[in-house]
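Presented sequentially are two complexes of subunit A, the first with subunit B as partner and the second with subunit C.
On to the complex of A and B.
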């Protein structure tokens, strides 16, 4: 209830309610005082908003009508709530077939225009005040019924309800004991919200002449009577119109805020001051003539910094792996390399592709020299477009090809990645997971890229498909000299395919080493990672070594070494001073280098 | 949903509408003919009228006769004017359809680009001011009832400024105020929906990949994103179109538009039950047809839902 709209709504509702209480007392007499000498007048000092056909003051009538208008809306809401909740709860009591039938009826009723339903219900109930109230009540029932049904269906899947059913509790008892109490709050809030709609609906019916009849009067009736006069004295309509607007909008705003409060979304992170993070020194420059060179890359979101001073290089034709648990910043590093960090992320440091800053490259240069492959191939292909044209657009947009030759190139690239060319006419959902990922890779190959950034390219696929997709990447690398940056949480994937591995932990690179030297890693974290992977000669009977504890969240990375809380070798130095990255490792107390175990293959 | 089930449900719902329109007359407490003719009408007149309408026959006979009439396009005779109800409907319906279709086209034409534009401006919480302006404006428009907008426009644009005709249907200018008043709310709701849908799709991988391919922005939005937001837009659009039928009744009343809504209000006020029955039938059929059309369109547009229906 802190938003502006909620506050405005509350103020309007408060005014309305006060008027509803005091209105008839203060203005009630004046509102019905006949004055045959001053009928049908416009604005005057005695009657600001003019008079009606009985010479009665329009302003007084408007204010005095508040009580009846609000009261009728309240009654209609009550009727709607009783009908709606009963109808919506009915499927919970009936068997499955009955439940389905009632649900279908509810869904059908919801589609009927509310006002029409109200009109015809009013016709049956007899026009006049009763008819209007019943009509609006009936008309608001389907919406509430559907809400009740949705909420109840949600609760009915809950464990405790299933447990109660299992114990033989009857449906009715489950409904009253378990379901209704649990959905009461959102239901009550929604019923409150529908008060506003009831008020407006009643005003509409009365305006049409289907509601309140003289001598009684509500706002809608005042509008009905004043409408023909609007051509002469537009001000006579201002009172009731304004009153309906104030009350209707007030109730609706409050109702919406209540509904939002019932389903409170998590508060987005505020833009707090950016924490001043010391950048890790990375003295090691990338290989000269590097294809990709990343220096002191830092990515921050508000006060949170998931990537902290990352530096590395990729030589032409080299395959480099980045390994780390989720939350280590490896995926954001990949996005930063692609220049795709979403707002409000801030990227500092530099990313050079072929020696030129990423930002200085044109769209077409970037679109053709750099290819990206993401984790989920289903999500990465546009479900609404056929595969071929999706690939071909790189050709028409960046390479200046005609549609036809772009499509031919797309088919060629698909076949190159092992997708039958005929599948170019398929929609993404008609391909298997492995095929889709091949298509994504083929899409990247449309422009003869120098570097493929692949972020968890096989995680969403099953084991055999995984291997084939990795084989494909290796084959492309071997055949075209395309460099690759392969990002994965799976150290076995990375070590088998990459010449060099970067190990990330809590936003930093903690070790960089040739993949055949992983067994003799020096950083305690790398060692632990390696130990947690089963090898051919691991005794399957023994549990795998797991690393106790958890990686710190990007928002609370400690001052010293981030691994210290989980590290067996940690000393007091580790918790206070950040270990510098020197000769391939960032650790105060690295392991001794072991002789390489080159023959080990996993 | 398979084609057969969709057709079955449509026919079933139509049956529901026919039954409801028939039942309406019989649910009215007391004697509808007495109510229509007034308490002063002589007894014989009421009896004669009852016999004429067949109300003295068994219920099942009446129902079968009614259904037969509906199939022959005979919707009974107005109690009041004694004209065939079908003729009145045929006279009045086109004006209502014109009003509603014009409104829907306007709402779509404004809401879709607007929603996408605002989504692009406010992606990931940027553009706070655009966000606030959009949320406030659409919020206000969606809670102000159409009849207040209509009355306000008549008072200001029509009477005080004299820019536009205040009533009746006579040329393009007469469409302006009714269409604007009717379109404001649906446009606001639709624009909000399009924005939410666009924002969701903007976060998806295929948009990321499209951006990684460095496609021009317009291509990302119109070729990649738009088709994927259509499903939700059309579904809601269909429901809004149905609710426009309701809203049109008030708008027709305020602007004295010669449509079916005005005739329906008159029928209800005057207890002209036969005409009211015809109105229920027509409005119900039109709503159902709109929903079916949206369903079919979705099936044609979205390859996934087509697959689902086959599987």
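On to the complex of A and C.
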């Protein structure tokens, strides 16, 4: 609600409402005072906007009419809201057949022009004010009914509604308890916006003579009476016309600003306080000559810092894994390596690819030296383009190949990743999930990447497919010496495919170790994580090992060691001092290098 | 699998238009037994669960199902964001009894799943994924089901909290004598939680038996492939 249009709208609405309250008190008397000597006059110093056929002051009449005009608009909106929401909610309480019928009726009503519906309802409801209010109310109902229906249908598909139905909760109760509370917000916004339309509609009906009758008067009626004189004394219609415009625009702006504000997902604070994050001492950067070198990488969104001083290196041809649970910062680390942190994220520290800062690389160099693979292959492929030509684009844009040779290269790369060359003519949706992920990897191989960054590349895939895709990555690594950074929540996947594993917790690397040393990890978190993975050898007689509590959200990472609240080995030191990263582990009380015989397992 | 008045499903078929998702599936779940239904996406395993829960129509015979409740995969979608935890859990208790009785029963259920009374006044967004899944379990248990359908209940959870939910399922079965249909894609999880397992592929059960037998001596090629595909820690 900080935008200019919202402010203007609020100001206009405020003026209108104040006038609606005080108008009749201040100008009410003057507005109805007959003055037979000054009828049908234009602008004068006594009557700025002239007078009507009874010699009554037009300015006073306009101001005094605010209350009735706004009040009628409220009434009409109320009628529309009650009718619309009831009609739209009706299918939720009827059986499937009744629901279909009512929905069809709603859809039919929406197709009727609003003004026609309003005039028809006004004629049926009787002449004068009542007719106009009912007419406008009825006319606004179908749109609201359809909105209600659409929103309700969305909520009815939610698991909590299914759960309520299974628990035997009746349809009416599901509606009032589960559906309505969850759609109330957009409905209220929509009703607010329709206030403006109701005001305009009522003015229109009164202007046409279908609305308010004398001696009552609203803005529309004033316009109706003054309209014949518009060529003689144009100033006489200025008052009511301006009033309708001000109030109508005001309500519409406020309603739409509210809707916009609500539709905008809760954005991370763009210019909040920059958190001062202690970096701690992080792992040594890899040996010089590292293919990828990340130093003190920090990613923050306003006051929230999901990645806190991460350093690591990847040697040429090496496969390194990053493992962590949701919220550990592992995916943002991957994005930062690819230079893809979304706005308004702020990246500090340095990322060097082949010794050169990421930012100094041209898009073409980045596009051909580095390949990114994400969890959802469908999001990485353009659904409208055939797979082959889509891959070929990398060749024509970044490698300067002709279309023909780029396409040949694309087919070769697809075949290399196990996608039959004939499938190059397929659209992405015609491929299975595993084939799609292969196509994304093939796209990454269009250049000659030295590094593949794969963020949860197989999480959305079935286990048997996952295995084949991981085999493919290993095969590429073995054949071309392409290094890989494999990021996953699954410690088993990471350990089986990587030589070295980085364990992340709450935005920091807490341990770095060879993947065959995971069972004798030194950090209590790594050890607990390994113990909590059920495998095909887990002892079924014992309860599964678990870690109490939950990983802190990036917004409330505590001082000291972030794992301390969940750690059995924690002391008061852990809650106050951030443990330095030394010889592969960031912990004040690490386990011994190798567990002694009989040592209590975590 | 014994016949002691537990659930008996024979020849179940579930169709969505032209697609036959479940194609003549038969199995039994004894009282207090946990049957794991394993398969990959599209195998029809979730449709079996949904059919038994009454959420999709099916053909075939089901006997001895008794009151059935279900816990869903996504703990973020299965709780009404506008209801306090206490009210959500009380939903299954019906409207008999006074408010005070229902409240006490709700707190008992929360205790049963290892949550403290404080969470009753909180909203779902204030809880972690693991806690929400406990709430969903408590809500289902409130209706005193004899059959519980658990549809991939830990696949949206982090591994460090998954164990606690799995332990809870085993514990509740022991304490309440609940029969459970445990739908999952993860054989290691199924092996740990279940007594028996049925492996589904393309709408049919290709192999079933006790968990020990199926995981140690798989008979079907597909079961072997699934077991081989389970990632192993080095």
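The rule we apply is simple: the second predicted complex is superposed on the first by the 348 of 602 C-alpha atoms of A that agree within 3 Å, B and C clash if a C-alpha of one lies under 4 Å from a C-alpha of the other, contacts with A are read in each partner's own complex, and residues count from 1 in each chain.
Heads up, the rule we're going with is that a residue touches a chain if its C-beta (ideal position, glycine included) is under 8 Å from a C-beta of that chain, and two chains touch if they have at least 3 such contacts.
None of these values were measured; they are calculated from a predicted model.
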item: Subunit B versus subunit C as contact partner of A:349, first or second or both or neither; value: neither
item: Subunit B or subunit C, by number of subunit A residues touched; value: B
item: Partner chain(s) touched by A:462 [first = subunit B, second = subunit C, both, neither]; value: second
item: Touching partner for A:590 - first (subunit B), second (subunit C), both, neither; value: neither
item: Which of subunit B and subunit C A:306 touches, first, second, both or neither; value: neither
item: Which superposed partner A:241 touches (first subunit B, second subunit C, both, neither); value: first
item: Touched partner set for A:524, first subunit B, second subunit C, both or neither; value: neither
item: Partner chain(s) touched by A:381 [first = subunit B, second = subunit C, both, neither]; value: first
item: Touching partner for A:329 - first (subunit B), second (subunit C), both, neither; value: neither
item: Contacts of A:84 with subunit B and subunit C, given as first, second, both or neither; value: neither
item: Touching both subunit C and subunit B, counted on subunit A across the two superposed complexes; value: none
item: Complex contacts: residues of subunit B adjacent to subunit A; value: 9, 13, 16, 24, 27-29, 123-126, 136, 139-140, 143-145, 147-148, 151-152, 154-156, 158-160, 166, 204-206, 208-216, 219, 223-224, 227-228, 230, 239, 242-247, 249-250, 253-254, 264-265, 268-269, 271, 273, 276, 280, 283-284, 287-288, 291, 302-304, 307
item: Complex interface listing, subunit A residues touching subunit C; value: 158-160, 162-164, 166-169, 177-178, 181-182, 325-326, 433, 462-467, 489-493, 495-496, 515-516, 518-519, 528-530, 532-536, 538, 540, 543-547, 550-551
item: Subunit B-facing residues of subunit A, complex; value: 5, 104, 108, 111-116, 119-120, 122-124, 126-127, 196, 200, 203-204, 207-210, 223, 227, 230-231, 234, 237-238, 241, 244-245, 248-249, 252-253, 256, 268, 338, 340, 342-344, 363-364, 366-367, 370-372, 374-376, 379-385, 393-394, 397-398, 427, 429-430, 440, 443
item: Residues of subunit C touching subunit A in the complex; value: 40-41, 53-55, 68-70, 72, 74, 77-83, 88, 91-92, 94, 128, 130, 136, 139-140, 142-143, 158-164, 166-167, 170, 185-189, 191-192, 211, 215, 225-234
